[in-house]
Every structure is written in structure tokens, then in C-alpha cells.
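You will see two complexes here that share chain A, one where it goes with chain B and one where it goes with chain C.
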Partner chain A sequence: MKLEPFYITGKKDTLAVRLDPQTGRMSFEGESYPENALEFFAPITKWIQAYMSEVKGAIVADFKLQYFNSSSSKCLLDIFELLENHFRQGHSVVVNWHYQEDDEDIEESGRDFAEDLSLQINMIAYE
Partner chain B sequence: MTFKDLFDAYKQTTEDRVLLLYRGEMDQDTLIDLGSTLKSRLGGDKKSKNIFAVFVELAHNLLHHSAERIQNEAGENIGTGIIIVRERDDYFSIESGNLVNKEAVASLEASCHEVMTLDKERLRALFLERRKNSSLRSTGAGLGLIVVARKADYPPHFAFHSFDDRYSFFTVSVRFRKGE
Partner chain C sequence: MSINTGEQKSDLGTLFHGSVPVTGDLVGERLFPGEVSAIRHAKELLSEEGAVDSDSWREAFAQLLDHYGHMLRYAKKITSLSDSAHRKLLKMRESLTGRNQEIQSQQDALLKLNRELERAGVTDALTELYNRRYVYHYLPGDAEAVIRAYQSHEGEMPENQDLIFLMIDIDFFKEINDRYGHIAGDRVLKQIAAVLQGCCRRGDIVARWGGEEFLIIHREANRLHARELAERVRRAVAEASFFVEDDESIACTCSVGFSAFPILPNFPRRFSWLDTIQAVDLMLITAKRSGRDCWVGMDANPDMAEQLKGGFALPKLQSYCREGAVRLHMSGNRAEGI
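Let's look at the complex of A and B:
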């Protein structure tokens, strides 16, 4: 079965997510503090795993978050670990971490993820 | 409540410069609404993001871990408690309170003590270590408490008061310096 694109519209407490199997582009935007982060992120990680095992293609992942709570942070790390694993298996994986230029917390949390991973995270400031 | 009690509560909350006071079930919709109200009342204050982050962790603690629970209309089991945000001349404070089972007090007290005594760099290291090595299925991995301590400008205060034979009342108190 062909892997379909995955879209979720952002809400106040959940991210806008776009996962495209044609281009390998994945984007995550907004704020994340759902009641149950595991439940929210489960279909996303499932899709990414399917992409990795079926499409086996390159990935460009963009994260543009304004706020995320502690349990979302754990789920984001799970996603990064999947991406790292894909990279280790010889695939091209580019990860961009976007932060508003004066937002030190989001900038630091990007660096915190980078510290936990062998995968490079590109830090990109926006106005 | 008599009119006199209500007037006293009004005077007290005015004097205390209460930005937000909520007592009841903390379901996710309530959390989102209160969080938006809090953000708008804090305006553009530089601490607004940190205060909001602590509010979310404390509100989720009520939702998930309070021992006082009710069924809402959707049949979900929702924790209840109290949360107060105050403004003073030189700081903001958030306090939250909820019932916990007496058997749970010892381990909760140990987790609180741990985050109270660590400096910012050690809190960061502890957060990264727990995030990597623990599972969210084990009730949030205790990450929330570490975030509360990391975002606060002073070490958070924790207290337990005996409520009855089964429950204790657990309070968390966090402060943020103003004017930075």
C-alpha cells in the first residue's frame, strides 16, 4: 500500500504537522502541550517509521516551535532518534530547528536536542 | 458563603493582586482557556513565557495526578485542585495545590527535594538524562517537576499538609523575578 501524505491542522495546544512521502519533507509548527502527548505523537512516529521502511528516502525535517511542554519534549526526542537512526543507515537526513531570534529558550532547547544526538541540527533564526 | 465571606475573599484577592485563581477540575479545555487568560494578563512581560510554561506543567499535574477526581460529561476522569497566580511589586508567583494519596507522599517528597537542591546546570543535566532514559508511560517521567524548577527564578517550595487519614494536600510554590 502506498504511503499517503499526513496532515494535521495546528490547534492551540497541538502542532501543525505535514509529512510528505513524495519529497521526504516533514514539518512541525506551533505550540505543543496536549493532554496526552504520547497519544498525539503516536500516529506521527508510526508514519515516519513507515516512510523509513517503505520509501527509504531522504528526509528534510523542519521544526518551528514556539512552545512545547515536558512530555512533548520527550516525544520530539523520540522523533529525533528515529531520524538519527535513518541517517546512520546511510540516508540523507537534514534537520532544521527554527527559532525566533530573541527566543533563547527555544534556541537552547534545539541545542539540547543536538547534544543528545549524533545527528546534526541546523539552527536557523527568524525575525 | 455569606456576603461577608464573599466581600472578604474579594478584598483579599484584590490585596494579593491575584491575576488568576481557579479551583475545580482541570481538564484540557480549561487549561487552554486559563493559559490564554494568563498570557493576556501578563501582557508582554519578559517572564510571560516561563510563567506560562510552569502553569502548563502544574495544571497537567492536577489533571493527571490529583487524587481528587471527577468524571466529566465526556466520561473522562479529571483531576481537580487549585491554582493561583499573583503579582507582587518585584515578583510573580504561581501556587498549585491538590490532594495526593498518603502512600505516594514519600516518593513525591524525594523527587521534590531533588529538584529543589540542584542548580540550573544540574537541573539541565537531570532533565536531559531523564528525557533520554525514562518512559512517559511511567506517569510523565517526572520531567514536569524538573521543568518547573528550571523555569523558576528561585528554588521552588513544596509542602505537604495532612488532609485526612487517606490524603495529604500537596502544594508547589514558584516565583519569578520581575523587571528583567
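Let's look at the complex of A and C:
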């Protein structure tokens, strides 16, 4: 079965997510504080797991987040764990963490995600 | 590790506390299914009857350790991430509060400016008396209140409810300007403004009507006192001395035209406050023609209200006078009629 591209438009409290099986590009953008973060992220982690086991390709993941609540951060940690495992299995994984220039808190969050991982995370400031 | 976000139900409470059964949605299990299943496995091992081989213990223990370490890393990161998110929200709140205060103080400044502009808009810049705009803006309300007072006193006339209008013009003012210059003229106007204010009570209106023309409106006054009020103004100006230089002062006189509003007490709506202005203007002109430094006033005969219709243009006024519907009052015996 062929893995379909995954696409969700962003809402006030949920991320815009684009997952492309062709290029291995994954992007997460916006704010995340839904009622039920587990429910929102479940199909996303499922898709990523499928990509890793079926396509077994390279990944470029872009995170451009402004705010996320605690349960969303748990789900994001799961995604980072998947990326780390994929990387350790010898695949190319590039992670870009975008933060607004003067947003120290989101910048620090990126460093928190990067901590303890062998995976490199590029910190990219935008205006 | 396994990521399992499916809807699993389990008795997490019994896993931790032994005998207490827990039912319902267990967020802990949904958030950390791997950890919960490791605990469940160890628990099962503990409850098994008879001997359990050491490899099984070792395996369960290693699994627990692994999950425990994983949980610790997650706990640490989630704590730090939550702190960051919380800090960010607090900063936003702080900046919003600051912004709000800024807006509030801008609003206060605008309100203050607005009040100042409003005041400036109805104030004569030179004399700081009210200007014409003030009169046009506020007098209709005053006049209406007076009319109502008259209408609510059927039969007997109310006391001290009249507005008394005095139109005042400084005699030969042009000569002051020509002789001493406009700066000196302005200086005299300011002093005259002060003299006129000295003739009034708080609540009366003193306005600069034109160049050297002033309007006084006495409120809550009695028409029977109109002549005294006019004479008071005439005398106050005539008796004052006005500085044109720091060491030089001159004398001035003024002419006054006056009348009371409502012009017809028994028909208070017959003539408007603007008609009254028109009437006192003509009275002032009459005073000027009568030789200046004097006053001329008028009142209407309430018994001839029938004849009094159609404003106070000069020809009308002349015919009112001929018919006796309007009587003029003149200071001294200077007046020569209209």
C-alpha cells in the first residue's frame, strides 16, 4: 500500500502539518493547545512510523511553532524520539527548529528537544 | 519504545496500589502506554505462584529501569518545555498590561486635550471671556429653561427667572487704537473685560461679541432690575481708568443696549433669544445715536401682545414704538427716540 501525503491546515489551537512521502519533508507550524493533543497527534505519529518502516527514506523536518501546551510537548517528544531512532538506524535526518528572533522561550524549547539526542537540530531564527 | 495512543482501559490504580480498582479513562496509560505495560508485566510476575526464574526477573527489572529512565527524561523535558511556554504567556500578559496602560494614558491625554480644545473653542483668546460660539452653543438651553419656568407658572409671574441681555460697545474705541496703537487697544480690551466681569455674578455670561462689543447675559435675574444693571456697567466703565502704557492711563465710556428675555412674559415663546439679541443690538445703536456713555433698553407691553409679531427689525421696532407696544427706557434725558 502506497503511503499518501498527509496534510492538515492549521487552526487557532492546532498545527498546520504537511508530511510528504515523496521528498521525506515534514513540517509543523503554528500553535498547539487542543482539547485532546493525543487524538490530534495520533494519526501523525502513525504516519511517520509508517514512513519509517515502509519508505525507509531520508527526512527533513521543519518545526515552526509559536506556542504548545504540555500534552502537545509530550507528543512532540514522541516524534523527536522517532526521528532519533530513524537517525540511529543510519538514515539521513535533518531537523530545523525555527524560532522568531526575539522569542527566547521557543528558542530554549528547541534546545530542550535537542538535548540528549545524537541527532543534530539546526536552530534557525526568523524575523 | 512503543507509541500507542489507542483507547486502552486498564486499572492503573490497582497496578500502583494493589487492591483499589480504578475504572474509566486513564490519561496516564494513554500518555505512557509503554511504561504502563512494563509495570503491568512486573506486577504479573510478582503475583505468580511458585518460583519465577531469575532471567524473567532480570528481564522485567531491566525493562522497568529502561522505562523509568525514559520517563525521567520525559519528565525533565516536559517540565522545562512547560516552564518555557508558561514564561512566554506571562511575558505576553506583561506586554499586554503595559500596552493597556499606554493606551489608557493616551486616552487620558486625548480626553484632556479634547476638553482644552473645547474650552479654547468657546473662549476669546485675547480677553479670555466667552466668545460668540459659546453663546450660540449654550444659550438655546438656557432660554428653553427660562421659557419652561414661565410656562409652569400659570397666572403669577416667576421671580428672578429672566435673562437680561446687555449689549455693550466701547465709545470711540477706534481713536484709542489710532492714537496708542493696537497693542494698547488690546490692553484696554482686556481691562474692560475685567471691569465687565466685576459687574457680574458667578453664572452670568460675559462674552466678547465682536471687536469692542461685549454681551452680558445676567441669569436668574429680575427684569425690574435691568436698568440698574445697565447703569452699573455704564458707570463701572466710565469710572475706571485703563492703562495704555505702564505709566499712562486713559478714561473710556461705553454705550449699552438692553432687554429682558422672554420679551413677552405672557407669551414666552413669541420671541426667541436671537430676537432678543437683535433687539438689544438696536437699543445699543439707539444709545450710540443718543450721544454715547448711556444706556437704552426696551420692554414690551404684555397687553398689546397682539401687535407684537415678526421680530425686531428697525422698521418693525419703530412701528411697535408708535403703537405703544414697546417702550424704551433711556438713561438721563439724552435719548431722542428711535
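Everything below uses one rule, namely that the second predicted complex is superposed on the first by the 126 of 127 C-alpha atoms of A that agree within 3 Å, B and C clash if a C-alpha of one lies under 4 Å from a C-alpha of the other, contacts with A are read in each partner's own complex, and residues count from 1 in each chain.
Simple rule for what comes next: a residue touches a chain if its C-beta (ideal position, glycine included) is under 8 Å from a C-beta of that chain, and two chains touch if they have at least 3 such contacts.
What you see is a predicted model; the values in this text were computed from it and never measured.
> Please determine, from the superposition on chain A, whether chain B and chain C clash or fit.
clash
> Quick check on the superposed pair: does A:A61 touch chain B, chain C, both, or neither? Answer first, second, both or neither.
Neither partner.
> Please tell me which partner, chain B or chain C, touches more residues of chain A.
C
> After the superposition on A, what does A:D105 contact: first (chain B), second (chain C), both or neither?
In the superposition, A:D105 touches chain B and chain C alike.
> In the superposed arrangement, which partner chain does A:V17 touch: chain B (first), chain C (second), both, or neither?
So A:V17 meets neither chain B nor chain C here.
> Should A:T45 be classified as contacting the first partner (chain B), the second (chain C), both, or neither?
second
> Have a look at where A:D116 lands relative to chain B and chain C in the superposition and call it first, second, both or neither.
Once the two structures are laid over each other on A, A:D116 reaches both partners.
> Looking at A:L82, would you say it contacts chain B, chain C, both, or neither? Reply first, second, both or neither.
The answer is second: A:L82 touches chain C but not chain B.
> First (chain B), second (chain C), both or neither: which does A:E35 touch?
first
> Please indicate which partner A:V95 is in contact with in the superposed arrangement: first for chain B, second for chain C, both, or neither.
neither
> Counting clashing C-alpha atoms after the superposition, which of 24-32, 204-212, 240-248 or 330-338 on chain C is the one that bumps into chain B?
Clashing stretch of chain C against chain B: 24-32.
> Following superposition on chain A, which residues of chain A contact chain B and also contact chain C?
Touching chain B in the first complex and chain C in the second, residues 38, 67, 69-71, 73-74, 77, 105, 112, 115-116 of chain A appear in both lists.
> Mind listing the chain A positions that touch chain B in their complex?
12-13, 33-35, 37-38, 67, 69-71, 73-75, 77, 105, 112, 115-116
> Name, in rising order, each residue of chain B that touches chain A in their complex.
Interface residues on chain B, with respect to chain A: 27-28, 31-32, 35-36, 49-50, 52-53, 56-57, 60, 63, 124, 128, 131-132, 136-137, 140-141, 143-144, 146-147.
> Taking the touch rule as given, give the residues of chain A at its contact with chain C in the complex, in rising order.
38-39, 41-42, 45, 49, 67-71, 73-74, 77-78, 81-82, 103, 105-106, 108-109, 112-113, 115-116
> Looking at the complex, which residues from chain C come into contact with chain A?
1, 3, 5-6, 30-31, 73-74, 77-78, 80-82, 84-85, 87-89, 91
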